[in-house]
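Common to both upcoming complexes is chain A, partnered first by chain B, then by chain C.
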Partner chain A sequence: MIKDVPLSPLAAERAAFRRSRARRSTAVAFVSTLVFAVALWWAVTSAPGWPRVQATFFDPARAWESLPAVLEGLWLNIRVLVVAELGVLVVGLVVAVLRTLRGPVFFPVRALATAYVDLFRGIPVLIALYLIGYGVPALRLQGVPNDVVVLGTCALILTYSAYVAEVFRAGIESVHPSQRAAARSLGLSHGQALRLVILPQAVRNVLPPLLNDFVALQKDVGLISVLGAVDAIRAAQIEQARSFNFTPYVVAALLFVLLSVPTGRIADAVAARGNRRRSGR
Partner chain B sequence: MTPVLQVEGLVKQYGGRPVLRGIDLAVAEHEVVALIGASGSGKSTLLRCIDLLEEIDDGRILLDGVDVSDPRAATRRRRNRPGGAVAAQKSMAIVFQAFNLFPHMTALENVALAPRVVHGLAAGAADERALELLSRVGLADLADAHPDRLSGGQQQRVAIARALAVQPRLLLLDEITSALDPELVGEVLAIVRDVARSGATILMATHEMGFAKQVADRVCFLDGGVLLEEGPPEQVLGEPREERTRQFLARIIAAGRLG
Partner chain C sequence: MNRRARLVVALLAAVLGTALAACAPVPEPEPADSAAGCPKGDLPTLTPGVLTIATDQPAYEPWFTDDDPTTGKGFESALAYAIANELGYGKDRVSWVRVPFNAAIQPGPKSFDFNLNQFSISEERRAAVDFSSPYYDVKQTVITIAGSPVADATTIAELKRARLGAQVGTTSLDALNEQIAPTTKPAVYSTNDDAKLALQNGQIDGIVVDLPTAFYITSAELENGKIVGQLPASPGTPEQFGAVLHKGSPLTGCVSAAVDRLRTSGALAALEKQWLASAGTAPELR
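Take a look at the complex of A and B:
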C-alpha cells in the first residue's frame, strides 16, 4: 500500500465529485424511505377495521403488562436454543461423516444414517414433537427423562440434525478430490485426512447455510410450547387467555425477531467474507 | 542393487479405455528420471498410479523390491506394515501441477502436518523441520502466510517443501511448473535442481526440455500410454530414434520450450 503519494488536482477533483454524489444518494434514500413509510402507515391506519385491530393486537398497556411473563418464557427458549444448537452441530456432523464412510464394514452404519436423514427430514416438526414429547414418556422406560423441555429439545435436535447433516455432507463433497489425494499422498489415514484437511474446509464452505438453519431453529424452539413447556409463546397464550387481547403474541413475536436478527447479520457477514475470499486476495 | 522403483507391465484403464498400456520402468537410487510426452499421453496417470492414488488394472509396482500394488497391501491389517500401502505412501511424495496446498493452513502448517501426524514428530520438532525446509526453498519469511496470499511460484515451492518434509525415498513431480507464469518457472526449477543434486531419487513429468537435459540422468518418452523410447537426455532429446519422439520434440521446439 503506497500511502504518501500526494493526490493530483485531477484525482482530488474526482474524489470531491464522488463524495458529493454519495451525499446525494444518501439524501435520496432517506427521503424515499420516509415517503414510503408514511404511505404504508396511512394505508394501514385508514383501513375500516384498524381501530379494532389496534386495540386487540397493539395495546401498549397490555404489552407492558405481559412483558415480564413473556420475557421469562423467552429465557427458557434461549436456554433450549443453546443446547439444541450444540446438539445439532454434533449430531449433524457425526451423521454426515457416517454417510461418507466407505467400505463394506460400514454398510449398516451408512444405511442407518441415510434412513435417519430421510425420516427426520420428512416428518413435520410438530409431529416429531408430539411423537417424542408424548410417546417417549408413555413407554415408561427407566431412566429416560419425561420432562417436556428435555424431550422437546431432543425432538428439535433430531429434526434439525437431519437438515444440518445434509448441509455438512454437501460441504464435505464440495472439497476438491485433489485435497484428499494430497493428504493421502502424504501418508495421512482416511480419518486424519477427514479431520485435518477435509472437514475444516467443508465447515467453512457451508457456514452461511448452516447459520441460516440456525435462524430457522431459533424460531422453532417456540414450538416446544405445544408440549406445555412455559416458553415465550406459551406465556403469551396464558396472558392472552386472561385478557382476551392478542397483544402478548405480538410481544413474543417481536422478541423472537430481535433474537434472530443478530444471527441473520452474522450469516450475511460470513457469506460476504466468503465471497471476498473467493474473489481473490 | 534393487532399484527404488520398479514398474512392471502397468496397465490402467478409465471406463474400459486403456490410458497406460503396459509400462515397464525402473528408477535406481539417486537417479533422476524425466518423463516427457504430449498432453494426454498418460504422464499424470502413471505418477498417480505409482503413488497408489489410483488402483491399477494390471502389472505390479515395486518399492525397494516390495510389491505395493498388491491389493493385500492395502488391507486394514497390512497397510501400515512394511510393504503395506500406507507405509509405501509414507515413503513417496508427490508434487502436483496444481500445487494442492491445504488452503486453511499456513505455509508452515502445510509443511509440518505430515511430519507431525504421520511420522509422529512433536509439534515443536515438526515446526522446526518445516521452517528449515521453507528456508531451503527461500520462503522462511512467508511461513505464516496462507496459500491464497502466495504467488503460484511460492505456492509450488511450499508444495515441494511439504513433499520433502516426509523425507521420501522417491519424489514424484507432475509438471510442477506447467501452471506457472513463465517468469516464475525458474525459481521452482532451481529448487528441484538443488534437491536433485543432494542425491534425491526423482521421477518427474515435465515439459521443460532444457531442464530435463540438465538435471535428468535418463529421459523416457511416453506416447499414447506406451513408453516408446528411453535413454540419456542427449540421445532422446538430441538424436531420438523414434519418429514419434522427433515429431513431439519438433512441436515443443516450435512452441519455444527447448531452452
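Take a look at the complex of A and C:
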C-alpha cells in the first residue's frame, strides 16, 4: 500500500478540474431528471380521465384494506419460491451435468436430458401446471400427493429446471478446456475434476443469469393460483372483485417489486465481486 | 457541450414534446340528457342504431346455450333480447361482444352498451359502474359429488371442516367466506370448470355456486353430482343480478325501465319459469 504522498501542483490542478466536472455532471443530471419528472407528472394528471384512474387504481383506503389479504397471499408465494428455487437449482445442475457427460456410453443419458430440456422449455408453464395439478391427482395413484401447492411446486420445478439446466450447461462449457486437462493431469478423476475444478468456476460464471431466472420465478410462482391456492395476485383479484376497484393489484405489484429489488442488488454485488476477483483489484 | 451531446439533447426534447402533445386532453362528449325519455330504437348507443350487449366467454348454461349468446336460448340471452325489444331494437339490431370480467368493470371506455353476466349488485360496486334494476334474486348453493365427506350434510356447521371451493370474484366466494366461514381456507378457482375438475379429483369436498348453475352442473356436467343445500339468504336486501353499464351511462335509466316493465308484465317471471324452472327446489341448509 502506497502511503499518501502530497500531490504535485499539476496533479492537484487535474484533480480539482475532475471534481468540478463531476459536480457539474451531477447538477445537470439532477435538473434533467426534475424537468422530466415534472413533465411526466403534468402529462399524466392533466389527462381527462385522471381523477377516475386515481380513484380506481390509487385509492389509499382500499390499498390499506386489501394489504392484509395480499400479504397473506404473498407469504404463500415466498414459501413456494424458496422450495421451488432449491429444487430448480438441484434438478437443473443434475440435468446440466448429465448433458455434458463425455463418452459414447453415456449417449442415452444425454439424449434423455436433451429431450427433457426440449419438452419442458417448450411447454408453457400454465399448461404444465394444469396437466400436473389436475392430471396427476386424476390418475388416483397411491402415495401421490393431492395437495395443490405440492403439485404446483413440482410443476414449477420441472419447467424451470429445463431453463436453468441450459444456463448451467453454458457455464460448464465456458470453463476453458485447459482447466479440465490440468485437473486430469494432476491425477483427479473425471468426477473429482468436475466437482472440484469445473463446477465452482462454472457456477461463478453464470451467477447473473441464475439470479435473473430467480427473479422470473418469483413472478411465475403466482401461477399456482390456477390450481386453487390463493397467492398474492389471486388475493388481490378477490379484493378487486368485491368493489370493482383495481388498487389491490397496484398493492400486489409494489410488494413484488419490493421482493425483487434486493435480488437485483445482490446480483449486482455478486457480479462486482466476481469482476474484482478476476481483475485482481 | 459538443455537437453530439447537443444533438442527443435536442432529440430527447423533441421526443418529450411529441409525447406531451400526444397526451393532450381530448374533449369528452357531453353526456346525453337522461330526462329526455327513451326514444324507441333511437337511444344514444355506442354505435347509432345498434344495441351492443356484452357477456363473457365462455358463457355458461343455463344463462346462455352452447356458448353462443345470439341464439336467444338461455335465461340471460332471452332476457337480453327481451330488453332490446322493449327499447325498440329488434333481433337484427342487436350485436354481441365478448368481454372478460375485468374489462367489464375497468374505468376506461367500454365496448358495450350493457353487460349481462350474472353480475351481483352491491353498493361498493356502484362507485365504479352503473347497475340496471335487478332482474333475478340469487341464492347460493353448495354442490358436491356422491361419496364426498359433505354429501350428507344438512347444516352449515357440518360444512365448516370441509375443504370448499368457489370461483374468484363471485358472490358465491363471499357467501362461502361469510356464511360458512370454513376452518380450512377455501380454494379459489379462475372458473367453475377448474373447480369441477378439482371436485372430481377429490382435491376439494364441495363447490359454492348460484342455484340455477348448481342445478345445471349437478344434472348435466358432473357424474354423480349432488346438491347439498341452499345457503340461507343473508339478512337485508337479497342478492340480486343486474346489468352493468359504464358509470354515468345515459342508457341506465332506459334499461332499468325496460327491466321494470318486463317484471310488471310478468315476462320476467315467464323467462325464469322457462329457463330456470328445472331449478326446482333444493333443501335449505340451517
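Things worth noting here:
Everything that follows uses one rule, which is that the second predicted complex is superposed on the first by the 267 of 281 C-alpha atoms of A that agree within 3 Å, B and C clash if a C-alpha of one lies under 4 Å from a C-alpha of the other, contacts with A are read in each partner's own complex, and residues count from 1 in each chain.
Everything that follows uses one rule, which is that a contact is a pair of C-beta atoms (placed from the backbone, for glycine too) under 8 Å apart; a residue touches a chain by one contact, two chains touch by 3 or more.
Computed from a predicted structure; not experimentally measured.
In the superposition on chain A, contact of A:S225 is made with chain C only, not with chain B. Look at A:R52: by the touch rule set out above, it reaches chain C but stays clear of chain B. In the superposition on chain A, contact of A:L186 is made with chain B only, not with chain C. In the superposed model, A:V148 lies in contact with chain C only, and not with chain B. Applying the stated contact rule after C-alpha superposition, one finds that A:Y134 touches chain C and leaves chain B untouched. In the superposition on chain A, A:I238 contacts chain C only, with no contact to chain B.
When the two complexes are overlaid on their common chain A, residue A:Q201 makes contact with chain B while staying clear of chain C. Contacts from chain C toward chain A in the complex involve residues 16, 19-20, 23, 25-28, 101, 105-108, 122, 124-125, 127-129, 165, 168-170, 173-174, 185, 187-190, 194-195, 197-198, 200-204. On chain B, the positions that touch chain A within their shared complex are 48, 51, 53, 86, 89-90, 92-94, 96, 98, 100-104, 113-114, 117-119, 148-149, 162-163, 166. On the chain A side of its complex with chain B, the touching residues are 178-179, 181-189, 192, 196-197, 200-201, 204, 277, 281. Of all residues in chain A, those touching chain C in their complex are 36, 39, 42-44, 46-49, 52-53, 55-56, 134, 137-138, 146, 148, 225-230, 234, 237-238, 240-246.
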